[in-house]
Amino acid sequence: MRERSLAIRSFTDLANPTRFVALAGRLLPWLASLTVLLFAIGLTLCFTTAADYQQGETVRIMYIHVPAAWLAMMGYTVMAASALGTLVWRHPLADVAAKCAAPIGAGFTALALVTGSLWGKPMWGTWWVWDARLTSFFILFLMYLGLIALNRAMDDAGRAAKVAAVLILVGFVNIPIIKFSVDWWNTLHQPASVLRLGGSAIDPEFRRPLLVMALAFTCLFFTLHLAAMRTEIWRRRIAAMRRQAARGAASA
Amino acid sequence: MSAHLAYVAASYGAALLVVAGLVSWVVLDARARRRELQALEEAGIRRRSAGGGAP
Amino acid sequence: MMALYLRDLKLATRAGGGALTGILFFLAVVAVVPFGLGPDLKLLARVGPAMLWIGALLASLLGLDRLFQAEREDGALDVMLMQETPLVLVVFVKCLAHWTASGLPLVLISPLLGLFLNMEPAAILATMLTLLAGTPAITLIGAMGAAVAVALPRGGLLVSILVLPLVVPVLIFGVSAAYAAVEDPAPFLPPFLILIAISLFFAVIGPAAAAVALRASSE
Amino acid sequence: MPFRLRVDGLGASRGEDPIFRAVCLVLDAGDALLVTGRNGTGKSTFLRTLAGLHPADSGTILLEGAADPTAPVRESLHYLGHRNAMKRDLTVAENLVFWSRFSSRSGDTDPTVPPEAALETVGLGGLGHLPFGYLSAGQQRRAALARLLVAHRPVWLLDEPTAALDTASERMVEALIAGHRAAGGIVIAATHQALDVPGAQTLTMSGFAVPA
């Protein structure tokens, strides 16, 4: 994902963890400031636009809920791309990227679920319905958590990465199947009714803050991801140095 | 409407909580790792690729 | 003893520990129920307390088999058997640490799952309370099973089979107390007090039995 | 307060098979005993029986002159088995601090070594911050030996203490044993390697019924 957003020259730089750490160090302050700026603009827009005549103030929840949901799906896409990078091109940073995207993606998925249920309570009168979209999202959340648990359970980072990559890709392939089956399950039990909400056209009045917020959240995602990747590289370096310390003491 | 405002406030609160949680996790983790790295380097342990002199 | 408690807590929460797995298992089990039953909110609300209880029961049995087996495999159990500290106390503290790491989180996330199952606030609160009172009993009973199966090479599943019949009373009183809070005629307090009594009873019996079993199984 | 470990007519069996019978021993403070013999002759079982981890068929084990005569003998023993009793996920220092706290006895007045110093003694100085799982097999064994130092026990039972150790570390084990004996302790070690323990009694296990 990120590779494309940077200059071609830096692709080789990216493959080298040391250069990546340096690059991340230079890039992070800019990304962080951009994120803060976008959030400032976005939040101002969120609260200055008019309330919807039908949904009232609750429409403002959408400005968080929808970007969070997009980011949750993008996070998994980033992980899937990284998993492909691990398995196919054996890119040394791909498994770092995959591992670090999981907690961030899980965070955004949780946010989407929470805001969704906070939106649903005044709109539908209940915190949670087993609607197809919500249910699929809940399954996505479980998949994220499972991956985090898998990453934590393995002490050998390299081996964990390959196994996790397989699981990520199987999950990715499985997403349409899950979506389809959940849709089928849902319509089997209850006709699509009240649960369809704001599906089609969004008033341009609401589109502007939504887009800015989506951009802000995307920047936030990449800032966090980059920082987490840098930390992960440090973590691996520490592990390598500790092993070396143990070996060094043995030869001494 | 005020009841609905509470839901809006709760959503933004939740967003703040999640974002703050993620940011503090990333920052604290980075700080802890950096400190460990410094401690190891002060103890005179060098990485093979960086040191070159190590056996 | 604090040292043992903190060590076990550290082991459970550090990389590879079982605490997170238990919570995820709980989440997954409860999340799968609506797929079996259908998304009928009324039906889900009715079976909610029972589902939460069964999910919590299975999730707390999940990591129990490692409670003593891990100690035995690396030889720490031998050293523990030789101390001045009574073995009963060691077992009790290990159970306490195990419950703190994997039982308490289940109790804490149960309200969230209650929302998924469309349960009423009163039912959610009652289920959480009964889980708080009942999950220690599951851990303490499970410790007996874990101690009995400690010497077996594949004890994992056996522990669950040994323990499940013994925890039936906990399940009965836990679920009935949770339902009593919602359905009017039945009183909440009697089954809840019995549940607490069971927990306290096994706080005494469980560690003692586990200690005997551990002594016997050391070759 | 001189004490003495007295073993009278000790016998044990595994299942139906007797492993050893009527072993009699007297070890005074500062004494050492080397248990030797081929594989499978019951060296480990003998040590485990002494440690109270294996049931004895017959005989008595007494520690005369112990601080609390009513306490079981096993509470005055350190047992180092084949396995190191350390958690891979904890650091070496965390492991040792735990055992030092866990093994400390009420009213203990005997000197104990702080974990850092104990690691220094076994040649692992400065490695306390590493997770135990990062260490090599020999280093792990040395860390396990450090456990003997962080809590005081008058009698050490060592089952193959030099397993996985190199020659230099074997010398270190010999020094540890000598130090413990000089401080008035008793050491019983099962080994098939030639350990240099001056003035040690020996017990050769031959598979069945060994006179001391």
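A, B, C and D label the chains in the order they appear, each numbered from 1.
The rule is short, and it goes like this: a contact is a pair of C-beta atoms (placed from the backbone, for glycine too) under 8 Å apart; a residue touches a chain by one contact, two chains touch by 3 or more.
Because the structure is a prediction, the values reported are computed rather than measured.
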More contacting C-beta pairs: A-D or A-C? A-C
Specify the chain with the shortest distance from its C-alpha centroid to the centroid of every protein C-alpha atom present. C
Distance between the CA centroids of chain A and chain C (whole Å) is 33
Mind checking the centre-to-centre distance between chain A and chain D? Centres are C-alpha means, answer in whole Å. 54
Mind checking the centre-to-centre distance between chain C and chain D? Centres are C-alpha means, answer in whole Å. 37
Chain centres from averaged Cα atoms put chain B and chain D apart, in whole Å, by 45
Check: chain C positions touching at least 2 other chains come out as 15-16
So which bits of chain B are touching at least two other chains? 43
Quick one: which residues in chain A touch 2 or more of the other chains? 155, 242, 245
Under the touch definition given earlier, write down the residues of chain A that touch chain C in their complex. 117, 126-131, 135, 138-139, 142, 145-146, 148-149, 152-155, 185-186, 188-190
Chain D - residues contacting chain A, complex: 89, 123-124, 126-127, 129-131, 133-136, 138-139
Flag every residue of chain A that touches chain B in the complex, lowest number first. 18, 56-58, 60-61, 64-65, 68, 103-104, 107-108, 110-111, 114-115, 118-119, 121-122, 220, 224, 227-228, 230-231, 234-235, 237-238, 240-242, 244-245, 248, 251
Note which residues of chain B are touching chain A in the complex, please. 1, 3-5, 7-8, 10-12, 14-15, 18-19, 21-23, 25-27, 29-30, 33-34, 36-37, 40, 43, 45-50, 54-55
For the complex, give me every residue of chain D touching chain C. 14, 48, 51-54, 71, 74-75, 77, 79, 81-90, 94, 97-99, 101-103, 105-106
